Amino acid sequence: MLTMPIPEYLQEILDNVHDNTSGEVADYIPELKAADPNPLAVALCTVDGHIYSAGDDSVEFTMQSISKPFAYALALQECGTEEVFKTVAVEPSGEAFNELSLDGENRPMNPMINAGAIAINQLINGPDSTVEDRVEKLRAYFSELAGRELTIDRGLSDSELTGADRNLSIAHMLRNYDVIADDAHDAVLSYTLQCSIKVTARDLAVMTATLAAGGVHPITGKTLLDARVCRLTLSVMASAGMYNEAGQWLSSVGIPAKSGVAGGLIGILPGQLGIATFSPRLNPKGNSVRGVEIFKQLSEDMGLHLMSTEQVSGHAVRSITQDGDTTYIRMQGAMNFSASEAFLHAIVSHEFSGDTVILDLSRVLTFHPVATRMIKEGLKRIRDAGYSVAILDPDDVLPDFTFSDGTLCRQLS
Amino acid sequence: MLTMPIPEYLQEILDNVHDNTSGEVADYIPELKAADPNPLAVALCTVDGHIYSAGDDSVEFTMQSISKPFAYALALQECGTEEVFKTVAVEPSGEAFNELSLDGENRPMNPMINAGAIAINQLINGPDSTVEDRVEKLRAYFSELAGRELTIDRGLSDSELTGADRNLSIAHMLRNYDVIADDAHDAVLSYTLQCSIKVTARDLAVMTATLAAGGVHPITGKTLLDARVCRLTLSVMASAGMYNEAGQWLSSVGIPAKSGVAGGLIGILPGQLGIATFSPRLNPKGNSVRGVEIFKQLSEDMGLHLMSTEQVSGHAVRSITQDGDTTYIRMQGAMNFSASEAFLHAIVSHEFSGDTVILDLSRVLTFHPVATRMIKEGLKRIRDAGYSVAILDPDDVLPDFTFSDGTLCRQLS
Amino acid sequence: MLTMPIPEYLQEILDNVHDNTSGEVADYIPELKAADPNPLAVALCTVDGHIYSAGDDSVEFTMQSISKPFAYALALQECGTEEVFKTVAVEPSGEAFNELSLDGENRPMNPMINAGAIAINQLINGPDSTVEDRVEKLRAYFSELAGRELTIDRGLSDSELTGADRNLSIAHMLRNYDVIADDAHDAVLSYTLQCSIKVTARDLAVMTATLAAGGVHPITGKTLLDARVCRLTLSVMASAGMYNEAGQWLSSVGIPAKSGVAGGLIGILPGQLGIATFSPRLNPKGNSVRGVEIFKQLSEDMGLHLMSTEQVSGHAVRSITQDGDTTYIRMQGAMNFSASEAFLHAIVSHEFSGDTVILDLSRVLTFHPVATRMIKEGLKRIRDAGYSVAILDPDDVLPDFTFSDGTLCRQLS
Amino acid sequence: MLTMPIPEYLQEILDNVHDNTSGEVADYIPELKAADPNPLAVALCTVDGHIYSAGDDSVEFTMQSISKPFAYALALQECGTEEVFKTVAVEPSGEAFNELSLDGENRPMNPMINAGAIAINQLINGPDSTVEDRVEKLRAYFSELAGRELTIDRGLSDSELTGADRNLSIAHMLRNYDVIADDAHDAVLSYTLQCSIKVTARDLAVMTATLAAGGVHPITGKTLLDARVCRLTLSVMASAGMYNEAGQWLSSVGIPAKSGVAGGLIGILPGQLGIATFSPRLNPKGNSVRGVEIFKQLSEDMGLHLMSTEQVSGHAVRSITQDGDTTYIRMQGAMNFSASEAFLHAIVSHEFSGDTVILDLSRVLTFHPVATRMIKEGLKRIRDAGYSVAILDPDDVLPDFTFSDGTLCRQLS
């Protein structure tokens, strides 16, 4: 049996950052201050459910702010975008994580700052929910995402509550502006318990991969979120996930991300994979020092920058060849808008001869609706120009075999 | 000869938005106020240089703020990231386009607000440049991006200068904080002339496609910018391009974009295409009303949202089959990190038998360095397990044929 | 027995403003919203304890923010300026009354905004005081100032507490920044009870007159506050008492003042009198509409503007005359710095002859220490020039009869 | 001839602060940076025109921001309050001197910050004035206030203009908001020349005394400003003259004041005197270190705090005595509201007998209109009660001899 080199690659990255012991663990509550500063872990989970990790990947820590995007996704899924957008805006706040920042409509600026996160927490399980029911709903949901039963560090949440004046201040101001209706103490209790759910780096990688996969759990295959919900969650992570260095992070790392004061850090490559790191020492902006280093290295080495301009979809038209009276058009890869454009460009540039045109989709992976539409329109034009058209689709990637006018197209078997 | 349906599709979109005459043309200078509010155009240009357009695609208008990302890219290319980052930050400002917004280090918040754009303009052609030389450099560069000689609307820039108090106020404040050294009037003149370069929607689509293509001009094939420069430019467009609705835009449209008060609007899909629209009536936030509509429709219809979670790289391992003593591993698509992970995952899960393993790359499009490294390591492990390994790469997509330890691997011809 | 015209004069002023029913009663709690909007009263109390009033001068209402300057004075008296200044700054905040406004040292900007007033309340009776003891101390103190036992409207304070989210938000933020140590709910309860102490316009006039009189109660003659405490309290009322129209108020009315949302308004002329009005309808800035009108009229008619440049101390030297060998210098009025300057100026300009100089103080009212010093120095110089000097002081306004070198001066009987 | 001790007293104060060489001279232009840091001066001028000074009282320096209140007074006098208030507000800005701070109506917050001062400067001599005419008007006016021909340090103003980016930024922003109409460079030139008018500490004391005296020049006796203009100017100095330590200054010093970066500092006691100091080293807030010390000492020693609660008007009723059938009421001091109240209180408390009442005004200094009205009303009531009333007014301080019903009252000669 062969061994897998990816964990070794991840271990290499950990070795590179291991000696960087700069930064300080969060000190605003005794439990976090007393935390072991040394654990170091990284984990990846692909949208296919393959998990890779290195270091202290099974050490538990509290999610803290990392819970925000997952709670936001759950609120969007439960309440719909209209209600969520009415409650919390999606603009970057340019402020540190715990500021009270309301926009002109008295909405918290975004769900990644505490004001927004407290408001989002209150949307879960309806306005009449008890705190325990709301938190249980979140815990159960996070557990389903993680693929195991997560527990709550109630000792930590009790300690957080003791020093929760800033969050209580925020909750009362939210009540004052009718953003939330619940008792302020209960709202903060509920949010604090959400933050106190314990995870490992592996858990976070799996949870995050569901967002990367458009809502489909990478292991169970269950659809837990709409693709649109995932897209919105990733968008707000990209624009506001890293507090007042969101722009710097997008430029240098280019991965939608979220950090927590317990030392966790997650990132998502849409359609590809979820990433999680754990290292408790924080930089002055409250982000894990070594976690940031790991993300920079992964982004650089692995070409994971969202604004990467490598042509992921190039060469969609593999070839156009003629064999006797038959012209073969061979497509390859994922059929998105760009691929269908390449197809259309190719056929209008091509001088067809003979009497038959066969579209070979045997190397095609997927079809986006716009590509379906475009390619069917191209086929229709070939047919209208007098050719007999047939499709070869051994893997059934095309949903149906019609021209753009709805008439049936011949299928080769 | 077949006709191309994409322009028809674009025309359909224009028809959908045509009757929306809400909004007002910019009125702060007489020339803009007197502009015909009715032109409507959309243009796309793929990274392969295919251009599609509809409507008034050859009507000229001034670039205005759309010049900002191109000037930023030129400054990054000319001066390097270090000098540019020292001068202008990359954080969203949450403010309207013409506010003076400096960060704690007295840097304008980002190059998409006027304060940042004036500072960036001053970096072009060195500190000792005359205004005319600096502007000519920009004009020549923008012309090379557009593929034709662009001209400057000097009547408009004269008019803009007359009412340029806000920009003059900004320029003096920048001088006061030593962000710029030039005479304030000259700095504003230089920036205003940059803004007064005239383009059509088609020009903008072509110019933008170079950013989408990592700096390679889609038609001439000349490398005009480093891929890294394009990535940074796209990043700042994503986080700050749409002023104080940057977050909303990223959520709903998901395309890095920039608008200008003359009615232009550009967007970029990294690795895929550049998009430009033109319609002079603006919403209260200063963005083209119909331009925004068109972008929303394109994003929705064409699946162009940056946070789209469709699995662009799925199914990289097409099949593993055995024929006698030979195992065939057939890869397909672009080999990025995810694809190489799929390969590794497949080989460590597979129970090999026989004595030979052949990696078939004939359906593979491209190789990212991390994928090269990962796949070579996988091949080495197969070899070390006692198999004879060979590569079939008819299109020469793999740069060289070595294992991860540097020894040569057999290539099938 | 003659009748006093001042109440008639005050009634005239009430008649002038009576028909102005613009504005709205405070509506943020039911009890205030249900208040009768019609009562109208004005009351004055001189530093000699003469009280004049008109209208509904015995209708009770809650002090609300009018309690702030009295609590501030009590805190200064109890804790000393050092501790008070360490806790709350004295700069105008330019903000509405209920904003959280902290300076660079995390101190509330001034004691007239709620953040500052809550912090000041906490200083009363020491950090370990119960809420009830603290509130009783305030109530007892306010009662002593008013000259009768005041009571607390506990129904109103209960109602205020129900909707006290803004104050609770402020209290938690103050705790967060270690400005206060007490439980946030208790801090707000304590402050709210302070605000709920019931007074009449007459009560307020008497209370305010003590501040005008440098801390001496105008009726009982008891010294309740140091003169310095009164000066500091008046100063902060002048700079910050009228929220974000402090500058406008100082320009147009020129009387240090404070308003409360129940409709009260107080003002103080240092050394002269306290003024109070009551009319519940408020302008959009939260100040009593008719109260403001009354103050403007009183300031205009009665010459009460603090910046009034009328020469209160002119003509201090009534005459210098000679009778035989004796020169008589007759002083009149209050001997402050200006008066003593006039004396010195007169004697150095005068050509003395004869052998005796008599200083006649029989028309002099009071002596400021600087005047004592200056005049004694002048007398010494006359003596040193060879004249025999004597003082005529039938009312004993000069504390002792020495020259500036400490030697005795002859006193005429 | 006797010598005057006040200069000696002032010298003592200078000696007390002489050794404090902390702080730095303004360094933003070479001329100020090169200034001799050592001069030290103090000067007083009473409303009677007596001038006292000590130290380097004839060293010239530029007015800088000290010109602001005088230009404001001139604008009020020339244009009226309505136009001035429409242009510049009177609220404290809580900001440093050179910030651009506009209120909701796009007015600079007050005339003591640069934005307001530039706008005020533009009001002088009308909108069509040339710069030279405007500046000459200011220079001539300031000269009349100072009592000698002042000159402009054009070398300094040239130097200031070179580095005037902040003011130019402000001027352009003011133009942008239509607060000023003139060319921005000319506006700053005009303001800078105003600031470059050279004065000595003695000049400033005299100029300031005119404001203290309600607009009457203390030496020439010419009325240069309305009393109302002086009151408004003093009000805005009190609320905004000391930038972001206005509240602190009002609490601790209590004298309306204004400082300039060349080291000058002025203060005004309404109705009493003008004060000026000069010492170029500045504290971090831009105020003269030793100047602030001197003001604190003068305020403390001389009882000059505006909120001082000493009873300036006490004992207005010197005595009520009876001689046969005649009752004598002897008044003394200045007859303001408080004095007239004392009169009324005395007569309604008194049990009159006999048939004649004589009001003796021979010790009365001045009459405020409200006192005239009140006292005449009291006399009428005495008359109506059946007494024969006469007035003894040897110094003619009462304007006419009528009862409040207009009928004539007997006058004793």
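Lettered A, B, C and D in written order, each chain numbered from 1.
The rule is simple: contacts are C-beta pairs under 8 Å (C-beta built on N, C-alpha and C of every residue); 3 or more make two chains touch, one makes a residue touch a chain.
Not measured: the values here are computed from a predicted model.
Participant: Spelling it out: a chain qualifies if it touches subunit B and also touches subunit D; which chains qualify?
Facilitator: Joint contacts: the list comes back empty.
Participant: By mean C-alpha coordinates, which chain is most distant from subunit A?
Facilitator: With centres defined by C-alpha atoms, farthest from subunit A sits D.
Participant: So how far apart, in whole Å, are subunit A and subunit B when each is placed at the average of its C-alpha atoms?
Facilitator: 22
Participant: Averaging over Cα atoms per chain, report the distance between subunit A and subunit C in Å.
Facilitator: About 63 Å, centre to centre.
Participant: Between subunit A and subunit D, what's the gap in Å when you average each chain's C-alpha atoms?
Facilitator: Taking the average C-alpha coordinate of subunit A and of subunit D, the gap between them is 66 Å.
Participant: Among the residues of subunit A, which are close enough to touch at least two other chains?
Facilitator: none
Participant: Which pairs of chains touch each other?
Facilitator: According to the stated criterion, the contacting chain pairs are A-B, A-C, B-D, C-D.
Participant: For the complex, give me every residue of subunit D touching subunit B.
Facilitator: 100, 165-166, 168-173, 175-176, 184
Participant: Contact residues on subunit B for subunit A in the complex?
Facilitator: So the residues of subunit B touching subunit A come out as 1-6, 9, 46-48, 50, 52, 89-94, 110, 211-215, 227, 230-232, 234-236, 238-240, 244-248, 250-251, 254, 256, 269-273, 301-315, 332-334, 336-338, 341-342, 344-345, 347-348, 351, 363, 365-366, 368-370, 374, 377-378, 381-382, 385.
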